[in-house]
Structures are given as structure tokens and as C-alpha cells.
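These notes open a run of structures that come right after.
Two complexes, one shared chain (subunit A), two partners (subunit B, subunit C).
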Partner chain A sequence: MKGAANTSNKLDPTSFMTSSFIRYLVMVQKELLEQARSYKLLWVPLVFVLLGIMQPVSTYYMPVILEHAGSLPEGTVIDIPMPLGAEVLAQTLQQFGTLGMLVLVLACMGTVSGERLSGVSAIILVKPISASAYISSKWTSMLLLAWGSLAAGYLASWYYTGLLIGETPIVQAYESMLVYGLWLSAVMTITLLFSTWLRSSAAAAFAALGGALMLTLLASLFPKQLGWTPGALSGFAYQLAAAGTPDSSTLSAAVVVTIVCMLGSISLAALQLRKSLAAE
Partner chain B sequence: MTALLEVKDLTKAFGTVKAVDGIHFTIAEGHCVALLGPNGAGKTTTIRMIAGLLKQTSGQMVFKGAGNRGEHRELIGYLPQTPSFHNWMTGFEFVVYAGQLCGLTSAEAKKSAKELVERVGIAGAAKRRIGSYSGGMKQRLGLAQALVHRPKLLVMDEPVSALDPIGRREVLDLLRELKRETTVLFSTHVLHDAEALCDDVIIIREGKVALQGAIETIRDERRKPIINLQLENDESSRQWLALFIQTIRDEKRLANQLSLFETAEQHEGAASFAVKDVDAARQLLIGEMARNQIKISKLEVGHSSLEDLFMKVVGE
Partner chain C sequence: MNESIVIADLLPILAPIIVIQLIIMTIALVLCAKAESTRGPKWVWVLIIIFINIFGPIAFFIAGRRNEG
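Presenting the complex of A and B:
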């Protein structure tokens, strides 16, 4: 694969670059079509939208719900202070971090391992495409799904929060979404890496979720020492949403480190794919 | 005749086991070549190395028109033993996708795919999801996707082994047509398929080439005419036969190069002779028998088959 790049580069660098890029786009297209045909493109965003709506709605109706729960003695006065809109948004992000992330990881866990298990990859990878184009096309489509779902869910949450609880400036929501999206992207990248590495899709999902949990846990246990790691991103996003002002230098360090780690993981996945093909 | 692919000392070791051990062969442009061998001989390993799915331990492959490995993937169309596809795609979509991955534009790929699904006979099912295809249809779809970018070399791993007799014949007919347009290399453990389709055959055994060459040449060189003779079971006939065979063996012992017979075997009232010149030997035999008034019940002229040869080479 490397060899092909070298020789073709000598001949005509621009045409090689474009043809390689076109093949990458073709594969992205195929991935998106697959997401559409398997209805992932429908139900993953739907889960996020539901989660997003549920948070403000359940907060708003909490007193009513408690009243009707029936286990309270007659005459109980329920007085729950209505939280700020920004707080509800932060809670929404926390919802995305559990159920939303689970759904995303489950939807993407078989992206490479599934194709290898079924044997399709034997037909696809003998075509003149590079392992990195194959991996990046999967990565791109996974990220599109994650960002799309997050944006849809968060927008729904922001709208309902504004209606029921209180308006939040959209810039604030926007910033927290960017940071949170980066965290989801990191988790997706880990999923892709494990899906390439491990034979079983379930093991890939388990490893990815475990890895994400570990990263968050470490960052929250040692916020001073590990504030710059990807695991701290979700915390920063909650802070941003709840109108807090996080330490901007640590935040930017975490952003840079996360992006570097993601690029590293993709390269590692491509390398792994090439190696496992040779070893099979 | 130019060599499209030269395989030199190709070796693949899995741990300490050498699945392929220094294979050496050449595939001429426009030829149809069968890689023939019993199960476990290293056919699939060789095919996968040529397709670029497996990296060789040592040795090299030189493709005409490709400077190095890697680039040669554009020249190859590959069909695995049991191809699987994206089952959510339609057959047509998959062929177009394969074409685009090989560098065709969307329009070129669609045009080529349209021709090919027609050609391999799945045009009626081209708009259906691949998940609903039968084994034979998948094999044809596999062929279509392998051919979509007009490869120089079509490489197939046991293309008909998994099919029922009807599917098998259909695919063989298709291959017979395709081999006129492109160079074909396929592996099989069925001699008959190789004989029906191929110009050249490479017989491998335990990872090594046991015999290779043009089928015609092998047949002509290795195949010997045989005369089978059966006599009625009376005293004088038996005596004559014993005597006749004795004479041949004596001639052989004296290293008489002019002898028409190479070997002679007697079983009861019958005998079989491997001969050099069928016509002369037959004349001689009939003449002898007429003179001695021998009662012939059967005289048959035939050949030792390629099957015998294959069994001999593989079993050696």
C-alpha cells in the first residue's frame, strides 16, 4: 500500500491524491447508506432527542409526578426549587453520557470486526484501497452519526428547557456541545480501534465502554493531575453548560491532547488492520 | 506469449509449518491456469498471497505492468472461496461499489456493472438485496464484482466447489466464456474442472509444485496408449499368451529399443500392454493371434487417463 503511494506519487501526485480521496468518499457514502438501511441513522438520533426532551420535561413535572406517586401522606407540601435552564442542560449532557453513549457504542461496535467476521473485508480489502482510507471512512461516518445525534438531542433539550424552565443563551449551549461532541468522538475512536483489534464485536463494545469509564473516573479522581486528559472533557462540558467558567488553559490542553490521541488511535487501527491481514 | 505473473520461490510459513514451500511458476498472458492439488496442499494460501491478502514469508511475485507489490491489486480481480457481501446492498449496488473502489468513476462503474450483471446472469435479481441470494447467485455476483474494473488477471479460489451440480455447470460455462478475454488462475481439487477449462495446470502437493505445464503437453508426454486384450479361457490361448508376454519381457531385458511394447501385464486370461506405437503393436498382435488361431474375446485400445497421472503425482 505504501509502495503504491510512492510509485504513483512519482508519476502524478495530484491524480493519486484525488483518486485516493474519491475512494475514501465512496466508502463514506457506503457507510452512511449502511447506517440508513439499518435504520441506525433514524433511531440513534431518536434516542438522543428523547433523552434530550425527557430531562426538561421530567424536571418541570417532577412535583406533579411526586404528588401522584401516592405514597405521600395527605397535605404534604412539595416545594422543589425549579433549577436554572443551564443546570437542566448540564443534566441532559449527563444523560447523553450514559444511555446515549451506550447506544452509540452498540451501534458502531461491529464496524470493522463484523465485516471481518462475515468475510466481506476479504473482497473489499483486495481492491486497491489503503487501510487508512478504509479506517478513516468508518471513523468519519461514526463521527457524523455521533455529532448528528448529539446536535439533534441537545437542540431538542435546549428548546424544551427554554419553553418550560428558562431560556439559556444559545452560545453557552453551543460551547458545551462542542466540548461534549469531542468527548463522544474520542469514545467513538476508541470503539473503532477496539473493533479493529478484537475479533468479537461484543468485546469491542465492552472494552470501549470500559475504557471510557476508566478515563472519566481517573480524570474525576485526580482532577488536578489529570485535568488535561480526554476523560476530563465531559466534566468541562457540564461546567460550560451550567454557566461555569472552567480553567481555559486546562480545557484547551485537554482538547489538544484528545485530538492528538484520536489521530493516534486511527493510525494505530489502520496499522493493526494491515498487520492482521498479513497474519491471518 | 508473455508472462503476466511470475511467482518466484514463494514461501509461507505458519509457525514451523510451511504451508507453501518455494513455489515457482509463470502465468502466461491470456492463458487459463488451474492450481490443482488435494486438500491442504497450499492452494488457498498461494491464492491469498497472490491476491495480496496474505504476506509471504519469502519469495516474490512479479506482475507485468506493476512495479511492485501493492500496485498489482489494480490488475487483479479476486473471488474468494465462499464470497460474502454486504447483505443490505443490492447486487447491482455492490458491483458499482466494487468498481468505484477500483478507481472507476460512478458513471463508468454503473455502465460496467450493468453489463456484468447481465453477463453473469443475475440481471433479474440485480435490484434485490444480496441477503436473499442463493449460493450460485452469490458466486456469480462475486465474479461480476471481480471483473468490474477489467482486471488483467482473474484469481479464484475453488470457484465451483461449494456449488450444486447445476450451479457448478453454469459457473463453469461462464468461466469458459470469460477465459477468452482475460487471464484466469483458479484453484481446484477436481481434476475434471481443470481439464475442462484450462490450458495450463500446476499440480501442487504439500506446498511444492509436483508437476506443471500445458495440459496438452502433459497429456501427450505422460499419457501412454494401452492395449487391453482378453482371450477365451482355453489351454492353447493361455499358453500362447504366457509365451508372448515372456518374449516381450525378454526383449525388454535385452534392451531392444525397437520393441513396440513398454510393459506387459498378465492377469488370468487377459493382458494389458503399454505400447509405443499403437498401430504397429495392434497389427503385430492381431497377426500373431491369427497365425496361432487364438480365440480373442476382446481387444481394446485406450489411454492411461490424466486422472491416473494426477493420482500418481499426488500420491507419490
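Presenting the complex of A and C:
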């Protein structure tokens, strides 16, 4: 693949834009190959599917589970109203927000810092590959992993919810998935930024998870003032899934702000990488 | 009597969950067996992967292998 990058450079030396785009594509391919070789491409979506199936199934069998738990006194009447399908979907998203996000961040925490520690990034960046192509290829592959896992898990959850609890219109699920995917992308971008900034991958994971927690906390504490921040996106996604209609102007403001923040973070990460390479 | 009916009802619904867990566990075990060096003794990892549901294999994927990728 490195050969491919070189030959494309020789064949087309005049058009810089094309060759740098091809280099970027080659780097994305390399990242995806690495994800496949480390089986991330397989186990992360599987974990999401498992989380997605668990939620409707455990909701459906909650009365049975409670009945067999045995810690209740004889003759207790258990009467739990079965939630709507849409509510179960919202709960699934909340599951993705805790365990799913943890898994994604932990799986991606070493993308840059691990490669820098092992010296792989030094080998790559000696070749005619810019820091921004390196960072953006990593970002693309991380986002592909996050969106793929989310889509697989959410689809499984939607199917099971329809089977066990109640049908939900797929448009509703689709909209909430888009908003939630944007939030996951933002968290992945923060992870990438911290992974470039901090030398330790564990520190990057902690910083990213802490940052995500703080963002959601702030947005939920001050929904009026901070409804436009990225942290509010997960709340909007739950609302959309549970058939609520969130304030569309605030939602679109949050979407725009999040995209701008993500682009800023990638640029910052690329800048940081270039700076620290120059310093070495 | 009541319980057996419940289990028979449960099985087709729980089957995918069990299958996915088994797949994840198998991948982790194969990788553990193939890895040149793991962080910590291999047999401990094998026990963790087999006996800790879902979180064991995930822990191995994230932290178990020394040279990832």
C-alpha cells in the first residue's frame, strides 16, 4: 500500500490535490485493515448488537425475572406497565451512551498515542504523508466504526422491540440514530484529540470520557442556556426516540456547533501532531 | 412445571444473545491462544474470558495483547 502511494505520486506529480486525496484514501484503507486485523471491526459491533438486544428482552421479561428472583414476600402482586416501544428505544440509546461509549472510547484510545509509543507513526510520517492526512484518516476510520456499530446495534434493538413490545416507526428511530451518531462522533473526535495531546492512551480515555460526561451534565443542568452545546445532543436523541418533538431551532444549533467543534478538534490534533514532531 | 414452560418460551428469544456471546468469547480465546505474549499469565486471561460474561473478552481485547494491531 505504501507502494501504491508512491506510484500515484510519480504518475501524477502536478495535481497535488488528487495525490494527497489518494494518500488519504490509502491511509484510511490502512486504518480499516488494522481495525480488521485487531478484530475491532468485529467485536465492537457485536457488543453493540448485544446491548441493543438486551434492552427490549430484559424489559419484556422484567416481570418474570422479578417473579423468579425469590427475594419478594409470598403473594406480592407485581404490576409493571409495559413501556411503549419508543421508550424502550430511548432506553437502548441510554445503554449505548454508557457501556457503548465506554467500549468505543477504550477501543480507540490508543489510535495515535499507541502508534507514537511504538514508533509506527514516526515511520509513517517520514513518508510523504502530512499530519493532517494521518489524523483525518484515523478520524474517518473511527467514525466508520462508531456509526457502523451504532447502526447495527440500533437496528437489532428496533427489530426486537417491534417483535416483543411494540412497533415503532422506523423514521423516528432513524432520526434519533442520526442525532445520537453525531454525539458519538463528537466523543470519538475528543478521544482522538486527547490521544494526540497526551502520551498515555489511558489518560486519553479518561479525559475523553470525563469530558463527555461534563458536557452532558452541563447541558442537562442548564438546558435553557446550554441547549446548543454538543452535550445536549444525547438528550435530543432520547427525546426523538421516545416520540417527543424537541425544539428544532436549538437542535439544529447544537448540530451545527457540534460539527464546527469536531472540525476544530481535528485541525487542532493535526497541528499538535505536527508541532510535537517538529520538536522531536 | 411452570418454570419449564417459561424456559421453553425464553429459548428462541435468548438464542441470539447466547450465540453472540459465544462468538465474542471464541474470538477472544483464539486471539489469546495465538498471541505471542499477553499482559499477565495466559491461563488467567483464559479463565477471565470464559468466566466473566462479555466484560472478560472485552477486557482482553482492550488490554490483554501486548502488541496490538
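Basically, the second predicted complex is superposed on the first by the 266 of 280 C-alpha atoms of A that agree within 3 Å, B and C clash if a C-alpha of one lies under 4 Å from a C-alpha of the other, contacts with A are read in each partner's own complex, and residues count from 1 in each chain.
Criterion: a contact is a pair of C-beta atoms (placed from the backbone, for glycine too) under 8 Å apart; a residue touches a chain by one contact, two chains touch by 3 or more.
The model shown is predicted, which means the values in this text are computed figures rather than measured ones.
*Asks:* Identify whether subunit B and subunit C fit side by side or clash on subunit A in the overlaid structures.
*Replies:* Superposition result for subunit B and subunit C: fit.
*Asks:* Touch check for A:107: first (subunit B), second (subunit C), both, or neither?
*Replies:* In the superposition, A:107 touches subunit C alone.
*Asks:* Look at A:47 in the shared chain and tell me whether it touches subunit B only, subunit C only, both, or neither; answer first, second, both or neither.
*Replies:* second
*Asks:* Can A:126 be said to touch subunit B (first), subunit C (second), both, or neither?
*Replies:* Touch status of A:126: first partner only.
*Asks:* Once the structures are superposed on A, label A:118 by its partner contacts, choosing first (subunit B), second (subunit C), both or neither.
*Replies:* Both partners, subunit B and subunit C.
*Asks:* Which partner does A:27 reach: the first (subunit B), the second (subunit C), both, or neither?
*Replies:* Only subunit B is touched by A:27; subunit C is not.
*Asks:* Which partner does A:37 reach: the first (subunit B), the second (subunit C), both, or neither?
*Replies:* Touch status of A:37: both partners.
*Asks:* Please indicate which partner A:277 is in contact with in the superposed arrangement: first for subunit B, second for subunit C, both, or neither.
*Replies:* Only subunit B; A:277 stays clear of subunit C.
*Asks:* Can A:19 be said to touch subunit B (first), subunit C (second), both, or neither?
*Replies:* Touch status of A:19: first partner only.
*Asks:* Looking at the superposed set of three chains, what is the minimum CA distance between subunit B and subunit C in Å?
*Replies:* Distance of closest C-alpha approach: 5 Å.
*Asks:* Residues of subunit A that sit at the subunit B interface in one complex and at the subunit C interface in the other, please.
*Replies:* Common interface on subunit A, subunit B vs subunit C: 34, 37-38, 118, 120.
*Asks:* Could you list, by residue number, the parts of subunit C that touch subunit A in their complex?
*Replies:* Against subunit A, the touching part of subunit C is residues 3, 6, 10, 13-14, 16-17, 20-21, 23-24, 27-28, 31, 54, 57-58, 61-62, 67-69.
*Asks:* Taking the touch rule as given, give the residues of subunit B at its contact with subunit A in the complex, in rising order.
*Replies:* Interface residues on the subunit B side: 51-55, 67-71, 73-74, 76, 78, 80, 82-86, 88-89, 97-98, 100-103, 142, 145.
*Asks:* For subunit A, which residues count as touching subunit B in their complex?
*Replies:* Within the complex, subunit A contacts subunit B at residues 1-4, 7-8, 19, 22-23, 26-27, 30, 33-34, 37-38, 118-120, 122-129, 277-278, 280.
*Asks:* Going by the contact rule set out above, which residues of subunit A touch subunit C in the complex?
*Replies:* Answer in residue numbers: 34, 37-40, 42-43, 46-47, 49-50, 53-54, 57, 60-61, 64, 68, 103, 106-107, 110, 114, 118, 120, 164.
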